[in-house]
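Some structures are shown below for you to check.
Across the two complexes that follow, chain A remains constant while its partner is chain B and subsequently chain C.
Our next item is the complex of A and B:
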């Protein structure tokens, strides 16, 4: 499994990718009751941040540990780095307690990226679920900044409940644009909710895109992506135009430690973004 | 461009590759309807003698739960089919269907279709194949909903 595009991929500010760079928390924004976005600035103040949508960093909470977190910010912003994560484990819970001014270690960016420059002139359908919207947020920034290069852009997003929807203000802003279709659905809702209820995958069947000229970007729970792939297949989107962001237990982020092995490769190095035809033989296999 | 009932039915994915000989009968069972917002299209327990192609708008399929009130289990939108209780006995709706916004639909006379399907098993099989596919998709979606895939363990 090879990375889709290996040239010009940003590989971090430090010469040694194992040494974290010092960053300072500039802002903490609560997205939901258990999900938050950290805005980070380099402590040396001079380094320009550079990443491609889909890449991730290793964030090191000193004294607690290090975890891989996708970059969720605007790729055009070179002064602030944004990461959105949910407090679920020891490290992310400790991360959630950090305050503006606190320091954090950053290694990266690592991994492959979504194919955006390579797919000018196509429709884009972006299918995400839960926290899976975070790695796709930079894609939306990127596409909207160069809107004229692309045809239809459709975002299908599934969340557990209305209160778990990420980036609500941005979704509302994007939905208000006539050149971006945003469809949000929730698994369960109280009576005040007036949007879709149900999982995200059935939305694929009626989404407005031309399957013969569409690139599909998927990020979310793996089981959601399995069903989304099936729906895209029914619509006739070819395997070599579906891209999935995979998640495994990444530790070193350089393909040395082997924790994130996925088939014959490593998610940290060959992924996290894969073209579906490159992983179709192992995708969904419980042993892999 | 004016769409006749027949062209709308013919172009709908549900009737893709549907035998030509049955299409005129199917069209004869259909008519256009419109519902205002917050309108109950059907109520749980009532006779289920129709099904609907939603052409615009959105419908909430809901269940009234004691102490919780009406709870939406699914929404059905443009291009989707609403209602399959007309296919199987006792032909009663299992849920309420309420419009969330103004909704346009084609309504099909399920009672008439049931009788015709009993008479003509070729037609009956064609209809059941298509409804089985919808029911399977909805079952898959419901299973995913039950898995709570966006919860804390995703």
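Our next item is the complex of A and C:
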């Protein structure tokens, strides 16, 4: 029924940014019990996928609703769009039931991105918790593809349990190249686990990076990022070299539904990635 | 905030009958003419066919949590201030379908809503409301994305502004520098004058379209004395505002007091009913609702006005970021008076007073701002 798609409906953001473009699910990969990665290809086959690490799309499940999901794929790949999400709400649960061949609506990409090109010659410390690793995976792809431009790269990652660790294959592969330091910790583990147990933030204190020449990228629960910022401050990383990905409710992603306001900004257009000094006045204040 | 003021060469004088002729010319030119009418015990904006539909001889009495219509002793057509409606309902509709989708064999197509360009004529737009429109223009038209619906409705509006010659009990436009005189953003502006048995309107032209319209309407030239008399009426209204808000440094004051005890005190009174956001002429928040029919094959998306006072508004991951009246009220007021300035380079408040009048418990943004400001002054005096 491909003819269903071939109509005069204006496609793309030029016409009306509230109209989703249709994509087809090419592959569904289960990452953990409740987390999965969708590989999407545009129904309009000519469209090239283009995004910057840290950006997100609005994904629409037919009749159910639309949610913002960060892009988790390799920014160098222009044929497939990848999103990793956890089934928590009505829409993401419905998304988890989709199969290859099903369609999904996509609007985007939206928002700011992680600082990458302008940070040659620096150490990178990447701190993430849970599903917060998804918007950082494009960064890891990007950094590893031009590894020689950067100095130390450290990933500190906290998951609930060993079976909740995302992107195991990629992490093992990158760690196997001996030039990416990966430290993983879990909240709880059975007796077979020999790694760290506990929250991720104490790992910052002894992580191998040079605070005077480091860029820190943070994504995870706000409470995790709050303690991570404190630990980074203790090590002497300046505010203007810490970057955080924030999350708020979003309905339009275009800057005028008002839902994603975070203090003086809109997470959809000023974020989701903020340099810490941009939000320091409101960060950590309750219920802002 | 004040846009560039247009230059007026001559002012005109219209009688009430000639004002009606002006409306008839607009109707003849295919404008949908909208203006103040009386309905449900309030002045609301609706379709008008002639000046007979305007609230002749009515005024309003407003205070915190109170709105009453009263008879005037004259037949003034615009002898009131603002009611619960604002013009935003025409450019930013309270509920509208964005698109439909149809599914068959597991595949779907999205069909955008087809919309016709509208041609609205707004009659009786107050100075505060002109500012509100220009503020919403910044939100919907000047960002990285343009809202297609707003743009469609906004483009062809013909605006007949009316200066306020009396101030309401909850008005504070004079302190917000947004009124009571219509300064810009209109095609023609009227000052209604009732004096010594005469009833007429002094007309200023704001645009070529306004001047062109006036050329089709019989009128007299205004004398310098006519114009001066009208200006004095407006200047007098500025002195009788029911409220005032000191905006000097208000953004910085609120940022410094994000944890002020006053937020807890106002939360004891606030019902989180969202009335203030519904009546506010600048509030722009919306939500989307996705619906399906019983077959599950037809879906629609609607956009509806939303309010930062609902708990759903800030929902993520199983809970709401702002779940208490304290944080909801703080978000609303800080947005109006502080965040808005960083977001759009203008205050989000135009001093129309609607949020005070229509608050069921009479919470007063000017009083809340004053208490927080005075707390700082006292603290610095004590320190």
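In the analysis below, the second predicted complex is superposed on the first by the 272 of 288 C-alpha atoms of A that agree within 3 Å, B and C clash if a C-alpha of one lies under 4 Å from a C-alpha of the other, contacts with A are read in each partner's own complex, and residues count from 1 in each chain.
We adopt the following convention: contacts are C-beta pairs under 8 Å (C-beta built on N, C-alpha and C of every residue); 3 or more make two chains touch, one makes a residue touch a chain.
Quick caveat: nothing in here was measured; it's all calculated off a predicted structure.
Colleague: Overlaying the two complexes on chain A, which is it for chain B and chain C: clash or fit?
Modeller: Here chain B and chain C can both sit on chain A without a clash.
Colleague: Just checking: does A:187 make contact with chain B only, chain C only, both, or neither of them? Give me first, second, both or neither.
Modeller: It touches chain B, and chain C stays clear.
Colleague: Which partner does A:16 reach: the first (chain B), the second (chain C), both, or neither?
Modeller: Touch partner of A:16: chain C, not chain B.
Colleague: Thinking of the overlay built on chain A, is A:213 touched by chain B (first), by chain C (second), by both, or by neither?
Modeller: Touch status of A:213: no partner.
Colleague: Is the number of chain A residues in contact higher for chain B or for chain C?
Modeller: Looking at chain B versus chain C, the one contacting more residues of chain A is C.
Colleague: For A:88 in the superposed arrangement: first (chain B), second (chain C), both or neither?
Modeller: The answer is both, since A:88 touches chain B and chain C.
Colleague: Would you check which partner chain A:74 touches, where first means chain B only, second means chain C only, and both and neither mean what they say?
Modeller: neither
Colleague: Could you tell me if A:224 is touching chain B, chain C, both of them or neither one (first, second, both, neither)?
Modeller: first
Colleague: After superposition on the shared chain, which partner residues are touched by A:263: those of chain B (first), chain C (second), both, or neither?
Modeller: In the superposition, A:263 touches chain C alone.
Colleague: Does chain B (first) or chain C (second) touch A:202, or do both, or does neither?
Modeller: In the superposed model, A:202 contacts chain B only, not chain C.
Colleague: Is A:233 in contact with chain B, with chain C, with both, or with neither (first, second, both, neither)?
Modeller: A:233 sits against neither chain B nor chain C.
Colleague: For the overlay built on chain A, what is the smallest gap between any CA atom of chain B and any CA atom of chain C, in Å?
Modeller: 5
Colleague: Could you list which residues of chain A make contact with chain B in one structure and with chain C in the other?
Modeller: 88
Colleague: Can you name the residues of chain C that touch chain A in the complex?
Modeller: Against chain A, the touching part of chain C is residues 98-99, 101-112, 139-140, 143-145, 147-148, 255, 258-259, 284-288, 290-292, 296, 299, 301, 303, 306, 308, 313-318, 321-324, 326-327, 330-331, 335, 338-339, 342-343.
Colleague: Across the complex, what residues on chain B touch chain A?
Modeller: Residues of chain B touching chain A: 13, 58, 60, 69-75, 77-80, 100-101, 137, 140-141, 144-145, 147-152, 154.
Colleague: If you look only at chain A, which of its residues touch chain B in the complex?
Modeller: Its residues touching chain B are 34, 86, 88, 129-131, 158-160, 164, 185, 187-191, 193-199, 201-202, 205-206, 220-221, 223-224, 227.
Colleague: In their shared complex, at which residues does chain A touch chain C?
Modeller: The touching residues are 1-2, 4-5, 7, 9-10, 13, 15-20, 22, 60, 62-66, 88-89, 101-103, 105, 247-249, 251-252, 254-259, 261, 263-266, 269, 281-282, 285-288.
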